[in-house]
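Presented sequentially are two complexes of chain A, the first with chain B as partner and the second with chain C.
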Partner chain A sequence: MRGPLLHLLRSLPLWGYVLLLYGFIFLPVAVLVLFSFQDSRLPVPPFNGPSLRWYEAVFSDARLLEALANSVVVALTSSLAAVVLGFLAAYALARHRLPFSGLLQGFLTAPLTVSYLIIAMGLLITFNALGVPKSLLTVGIGHVVINLPLCFAILYSQMGDHQANIERAARDLGAREWQVITLVTVPMLWPALFASFFLSVTFSWDEFIIAFMVSRFDVTLPVEIWSMLRSGLNPKTNAIGSFVFLISIATVLVLDLVVFRSRKA
Partner chain B sequence: MSPSTPRQSSTRARAWGFLLPALLWTGAFFLAPLVIMALYSLWQRVGTRLVTEFTLVNYHDFFAKSFLLKSLLNSIEVTLIVTLVSVLLAYPLAWILAERVPRRWQRLALILAILPFWTSYVVRSYSWLLVLSEGGILSNLLLDLGITAEPVSFANNRGATVVGFVHFFVMLLTLTIYANLVQLSPSYRKAAADLGAGPLRSFWHVTLPLTLPGIMVGAFLTFVLCIGDYITPQILGGNRELLLPQTIMLQIARRSDFPMASALAMVLMAVVSLVYLACARWLKIDRV
Partner chain C sequence: MSTPAVEFRDIAMCFGEKVALQGINLSIEEGSFVVLLGPSGGGKTTLLNILGGFLAPSAGQVLIKGADVTCVPPAKRPTTTVFQDYALFPHMSIAANVGFGLRMRGVPRAERAPRVEKALDMVGLGHTALRRVDELSGGQRQRIALARALVVEPSVLLLDEPLGALDLKLRRQMQEELKAIQKRVGTTFVHVTHDQEEAMAIGDVIVVMNEGSIEDQGTPERIYLRPASRFAANFMGENNLIEGRVTQSQAGKVRVATALGDFTVSGEAQTGASIALSLRPEHLHPEAGDGGLALGSAKVIEAGFFGTHHQCSVVRDGYDTVLKLRLPQKRLVQPGETLALHADPADMVLLTR
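On to the complex of A and B.
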């Protein structure tokens, strides 16, 4: 009888540590969500609620809703562009023996090694010098820059030899190149395509510094939230923050269910 | 090498066609801006005018004006502290998750451990403000416990910045170190045990060295992401002690001094490259 009890006592510090760290990890999020239901004007103790007034405030704020819509549009279009460009490049490099292919891969993945801040500054200076007005389009361009290398890397790593054999078979049976791509390659790769698309969406959706520097009148949600922070602690910021968190979790769940479950099957 | 047939050269031309859009995009919106930025860093802003004569005055100013150099040193200090603390906190957690949590619970435990990862970056820093600022959770707790008589603020200083960063990177590192630990074959540890090593010795001489590459990759990622971040120090650290990204943003927002901001950005890139070269022998990431 002493064995298991002693074992439990021995591992007590371990579980204490786990509990402490989970507490640390969850503390700010728990506080954020809890005080989004605050009934008074400050998201600090004492908690008096629950109330949905700040969620009502969020959903009647036209600027915030517009920023939300902007974020969705930018995230979807820039991710689509990144996936298409990344897919074509990966297809070219995986299926054809091109000279300098190592160098080309390095070039395409190079943006992964540079801070977003620096990418943002480079774009800002370049657009300024060329007289390109700052807009959601320039934000989208920046988001393709950061997501293209990611999509390329994911898709390139998934293009194996067995797929090349099936593509060759299709070609031998008379399929043209575009038919091979749309009818053979894309369907075989679709979990990877889906994953890279959704990963890009979450990155674009959450990206701040590029969106902040190269946008002007129309802004994305993180930039709008940023400008809300100037008013200090505010339960409305808690409410929109909790809402964004919910959307991200939902996206991750979809990704997990669709991609990883289907891969297991 | 056989001479290429017409069919081969036509498919090769098509391959270049597929590759071209991505190359052009990266060239136009990544490489060209970096080159233009490097060029700007060698120009100068005088009054409100841009003087396009090559000069090293921005770089000279960087070393001459103490607040600029100080912000780089602050950044390096904060980043090193954050990296070290995050690794020290995350490793035991990842180890417990991989070795002590029953296998069927591991996935859930890991998903939970990185759940707040998915809050928006700006919102995450703001959430820490709710905990750390005057009248916030921590200040209230201390009041209730009678430890302090007045509300205290823990925000607007280096400590708050470090806490905000560590929170994010503990999650990231737990993930990378866990991935490394579960890949280790248990036979190494069994062999160590068969040869008479106790659990502590086996950890120190077998597990730890084998996970060192994973730690280094995670630590490097932490370093790069941390030193280039503007949001966390701006929201949590405030303006009393500036980090390099904050100084860069000040040059742009307050003074529209693009040449100076560019020079500072080049310094930031140089620091990251140096750190990369220093860790390169551990960073053998499988090339994609």
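On to the complex of A and C.
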């Protein structure tokens, strides 16, 4: 009987470490979510609840709902644009000999290394110089700028020699170029396309600094939350924060399920 | 003479500075099973890619059934390919894979189904039509690739080392099947391999390639028994090449002096020319037999049992090149043993290249 007990004792430090680590990551989120169910006016202990009054407040706030809709529109359209542009760039660089292809590839992925603040400032200056008014469109453009390199990198990595040979087989069997792309390349890369789209959606959904700097009247949800926070802490901000977190988690889960399932099959 | 199925005329191919092919002239007869055999980098795959339309030759012409296809893209050529990695479409069912070529040719769905079924039955995988590619084994994928390429009834089927990824037993089995299928459909097959046993087992004609040129071409028997060059003699099976010099030459006979003795062999060569004699291990005997000339005695340095025979490495006194010879299955042999060597000059092949 000593064996199992000893084993348990030995694994205690391990479990302690795991708990600490996950606690460090998830405790703030857990506290945020918990106090979104607070029944009083301040999101601080003691907890008295649970209550859904702050969620009710969120969903009866027209400005918040409008910002939520804006966020959804920006996330979906900018991600779609980033995936399409990233796919075309990856296809060109992976399948054709282009002059300066190394340099082109470098420029395409370089924005990954630049901070969002710098990108936001650059975009702001550019839009001002060009006289483009700040709007949801400029926010969307900003999100394409940050997500395109990611989509390109994911898709490019999936277009190896094996895939090139499969496309060759399609041509050999009589497929024209557009048929190769629509019937073979895109369906074959479906998991990678899906993954890059959903990653882009989550990044756009959470993104604050670019959305803040290049928007004016119509704003996305993170910007609206920020302006709410300026008037102090309030369980309502916890409620909307929890909602944003829920959507992010749901997106990642969908992504994981779809990509994981297709890998397994 | 009828129009050949494939004709290469003066094909040359350069990749930058590197010459991959030069002076390739080759005719392939309708309905034959041709094997392009050679080491890696010999140019055989490059030639296959030129035939499939995946590469444009730097010079020369490619004709299929008399029509110049040099500038025709793969999709428009009457050729299909079985790729080394099979290159099946991973997102489609087996039936959709096999039917792809027909779909691209605008064959209506109702007509496609029975043809796909027939092609799958031909390779013995009719029951897999609805499965996915990743549910099949390597050998099965190979057959699907074959069915997919044959269902569109190409004039020429190209096979790019299709058996390379299979284990030995399965490879031998697939060789037989390939040969049988080729006989049944009657399509011209052009098959690339570096495995000389595979080439002999399946080819009607073998084209031996090395360093971008054709070394030899002919039936397996002809190339094995009467190779045209040192390279062909060495690449096709085990061999002993005995270097020598021509001392006399007259009317299809030459007298050759070598370290193993002087022999009269048939062939043409100028007096004084450096030549080599090809002598297969199975043509070196420890007993004199019919027409055998004594070559002196040799010491066995290595012996191995290969099932059908014993393979020995021997060194003859005064000749430091190791000779290979085969002894019958039941003849026991030990390293250190001394053997008398005999060979019939009729088995020796004069090699001038």
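Just so we're on the same page, the second predicted complex is superposed on the first by the 251 of 265 C-alpha atoms of A that agree within 3 Å, B and C clash if a C-alpha of one lies under 4 Å from a C-alpha of the other, contacts with A are read in each partner's own complex, and residues count from 1 in each chain.
What we mean here is this: a residue touches a chain if its C-beta (ideal position, glycine included) is under 8 Å from a C-beta of that chain, and two chains touch if they have at least 3 such contacts.
Quantities reported herein were computed from a predicted structural model and do not represent experimental measurements.
**Student:** Chain B or chain C: which reaches more residues on chain A?
**Tutor:** The partner that reaches more residues of chain A in the superposed model: B.
**Student:** Kindly classify A:Asn165 by the partners it touches after superposition: chain B alone (first), chain C alone (second), both, or neither?
**Tutor:** It touches chain C, and chain B stays clear.
**Student:** Is A:Trp226 in contact with chain B, with chain C, with both, or with neither (first, second, both, neither)?
**Tutor:** So A:Trp226 only meets chain B here.
**Student:** So, does A:His96 touch the first partner chain B, the second partner chain C, both, or neither?
**Tutor:** The first partner, chain B, only.
**Student:** Based on the superposed arrangement, let me know which partner A:Leu32 touches: chain B (first), chain C (second), both, or neither?
**Tutor:** Touch partner of A:Leu32: chain B, not chain C.
**Student:** Let me test your reading of the model: by the given contact rule, A:Val214 touches which partner, first (chain B), second (chain C), both or neither?
**Tutor:** neither
**Student:** Touching A:Leu173, do we find chain B (first), chain C (second), both, or neither?
**Tutor:** second
**Student:** For chain A, which residues belong to both interfaces, chain B and chain C?
**Tutor:** Touching chain B and chain C on chain A: no residues.
**Student:** Can you check the complex and tell me which residues of chain B touch chain A?
**Tutor:** So the residues of chain B in touch with chain A come to 11-12, 14-19, 21-23, 25-26, 29-34, 36-37, 40, 89, 92-93, 96, 100, 112-113, 115-116, 118-124, 126-131, 133, 135-137, 140, 167, 170-171, 224-225, 227-231, 235, 245, 248, 252, 258, 261-262, 265, 268-269, 272, 276, 287-288.
**Student:** Show me the residue ranges of chain C that touch chain A in the complex, using the header's touch definition.
**Tutor:** Per the stated touch rule, the residues are 52-54, 73-76, 79-81, 83, 85, 87-92, 100-101, 104-105, 132, 134, 148-149, 152.
**Student:** Using the touch rule from the top, collect the residues of chain A that touch chain B in their complex.
**Tutor:** The touching residues are 11, 14, 17-18, 21-22, 24-29, 31-32, 35, 42-45, 85-86, 88-89, 91-93, 95-96, 98, 102, 104-105, 107-111, 113-119, 121-126, 128-129, 141-142, 144-145, 148-149, 152-153, 156-157, 177, 202, 205-206, 208-209, 213, 221-222, 225-226, 229, 233, 237-238, 240-241, 244-245, 248-249, 252.
**Student:** Note which residues of chain A are touching chain C in the complex, please.
**Tutor:** 162, 165-166, 168-176, 179, 183-184, 187-188, 190, 265
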